[in-house]
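Look for chain A in each of the two complexes below; its partner is chain B in the first and chain C in the second.
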Partner chain A sequence: MPGEQPSEAEQNAVAAAALTMATTELEYRVSLLNSMVATCHDRCAARPYKEGALSVGENSCIDRCAAKYWQVVAIVGQLLGAQNK
Partner chain B sequence: MSSADEERVASSTAASTSAPDAAAAPPAAAPKPKKKKEWHQLTMPTAEELSAQEFMNNCGVKSVLSGAMGGVAGIAFGLFTSSMENAHGGMDTMPDGSAQKPTRVVLREMFTNMKSKSLSYAKGFAIMGALYSFNECVIEKWRAKHDKVNPALAGCVTGAMMAHSAGPQAMCWGCASFAAFSTAIEIWME
Partner chain C sequence: MNFPLDSVSDLPDDAKMALGAALEQMQVRDSLKMYNSLVERCFKECVEDMRSKALTGKEEQCVAKCCEKFMHVTARVGMRFQEFFTQMEQQAAQQAAAAQGGK
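And now, the complex of A and B:
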């Protein structure tokens, strides 16, 4: 039938675009997590390393660090989105 | 090749081919040259592990556990002290020996002395342990740092709290002494 082939090409194009977007989004999220872990570990983990588990102070420091990081990421995303418009 | 090399080659080939009967003989025959360190795989914590960590992170739970441990330590200390006191038949025995008490009475007196001493020491140690643990947990959570200042601050607050009924000068002295004691213990525990 004549109507199927363009819709199949359209479907392929849409699927490819969605896959590219999903890949970019996943890479962004992975880099976000990695940088958050690196930053909060640099600031919060007490050196020298004595125990394998996190202590109470390190736990609360990491809680605060992750909350601040997440908030700053949200603010920067909003600013970038407002700038793009 | 030497016999040790032959045994090592035989054990490695047996391990690679994963033959159970061939692998059983060479490791038993060949002495290991070096004991390898066991490395465990790093895994994400399970839900039970996370909830257990959250449970232990609670300041109230920590203080209750420390209080219980302090109570046990106090009972042991009281038993030891009372046994040292009662070593020669009680504290207040007269040396003249005119009114000799029967053995059963002496034993009962020793037992009651032991019990009262143990309970008083247990109460003191339990309160001290619970207070110190609670203070250290709260201070460390508030400062969000893990260093050697926390035991000193917590010791100062605990010492001041425990001497609160004896006036401000006793509170300062208790703060300084308990802070020094807890810092020394912390340095010794490293």
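And now, the complex of A and C:
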């Protein structure tokens, strides 16, 4: 009936679902970050290792790699989203 | 597929605490995983010589540089990653505000 407050049980169920969703999204973000780091390290870190610090070239490479990776995330997201409809 | 986490602030307090605890656990698990994967990565990249039990000086130096390099890459990528997400959330907020204003 309109105007009635949802029961406590319903509120709890909604909160539990939101928590699970938030946790899942966090795990996704962490996983995405780890992939990005591993991929850009493989592409950009100059071998053989000369030193621990990043050179200017490596810095630029990483920035570009991360930007492109992010664009790929967006494109794939769009395509998968369109497919699901 | 990009779902912004703006729902977090709407969660009730006990759910927020549960999320905080889950996040902490995730961080611990993640740093252990990172430790393992970094060891594997630097071993594969630096250690070739199986003629002795001890690491050679060259191998030791390589491992040190490998770790440092990976840490720096992680930091930089992490920084850009934050920027991307912040940008995406700002855009989403703007779009939401525009949609609201149009009504």
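FYI, the second predicted complex is superposed on the first by the 79 of 85 C-alpha atoms of A that agree within 3 Å, B and C clash if a C-alpha of one lies under 4 Å from a C-alpha of the other, contacts with A are read in each partner's own complex, and residues count from 1 in each chain.
By our rule, a residue touches a chain if its C-beta (ideal position, glycine included) is under 8 Å from a C-beta of that chain, and two chains touch if they have at least 3 such contacts.
Given the structure is predicted, the values throughout are model-derived calculations rather than measurements.
Partners chain B and chain C, brought together by superposition on chain A, fit side by side with no clash. By the touch criterion defined above, A:Glu27 lies against chain C but remains apart from chain B after alignment on the C-alpha atoms of chain A.
By the touch criterion defined above, A:Asn59 reaches both chain B and chain C. Note on chain A: of its two partners chain C and chain B, the one contacting more of its residues is C.
In the superposed model, A:Lys50 lies in contact with both chain B and chain C. Legend: residue contacts after superposition of the two complexes on their common chain; A:Lys85 is shown touching neither chain B nor chain C. Of all Cα pairs linking chain B with chain C in the superposition, the shortest spans 6 Å.
Overlap of the chain B and chain C contact sets on chain A: residues 44, 50, 53, 58-59. Residues 53, 57, 59, 137, 140-147, 150, 190 of chain B are the ones that touch chain A when the two sit in their complex. Of all residues in chain A, those touching chain C in their complex are 11, 15-16, 18-19, 21-23, 25-27, 29-30, 32-34, 36-38, 40-41, 44-45, 47-54, 58-59, 62-63, 65-67, 70, 73-74, 76-78, 80-81.
Residue ranges of chain C in contact with chain A, taken from their complex: 1-3, 5, 7-8, 10-12, 15, 18-19, 22-23, 26, 30, 34, 37, 45-46, 62, 64-74, 76-78, 80-81, 84-85.
The touching residues of chain A, when paired with chain B in their complex, are 44, 46, 50, 53, 55-61, 64.
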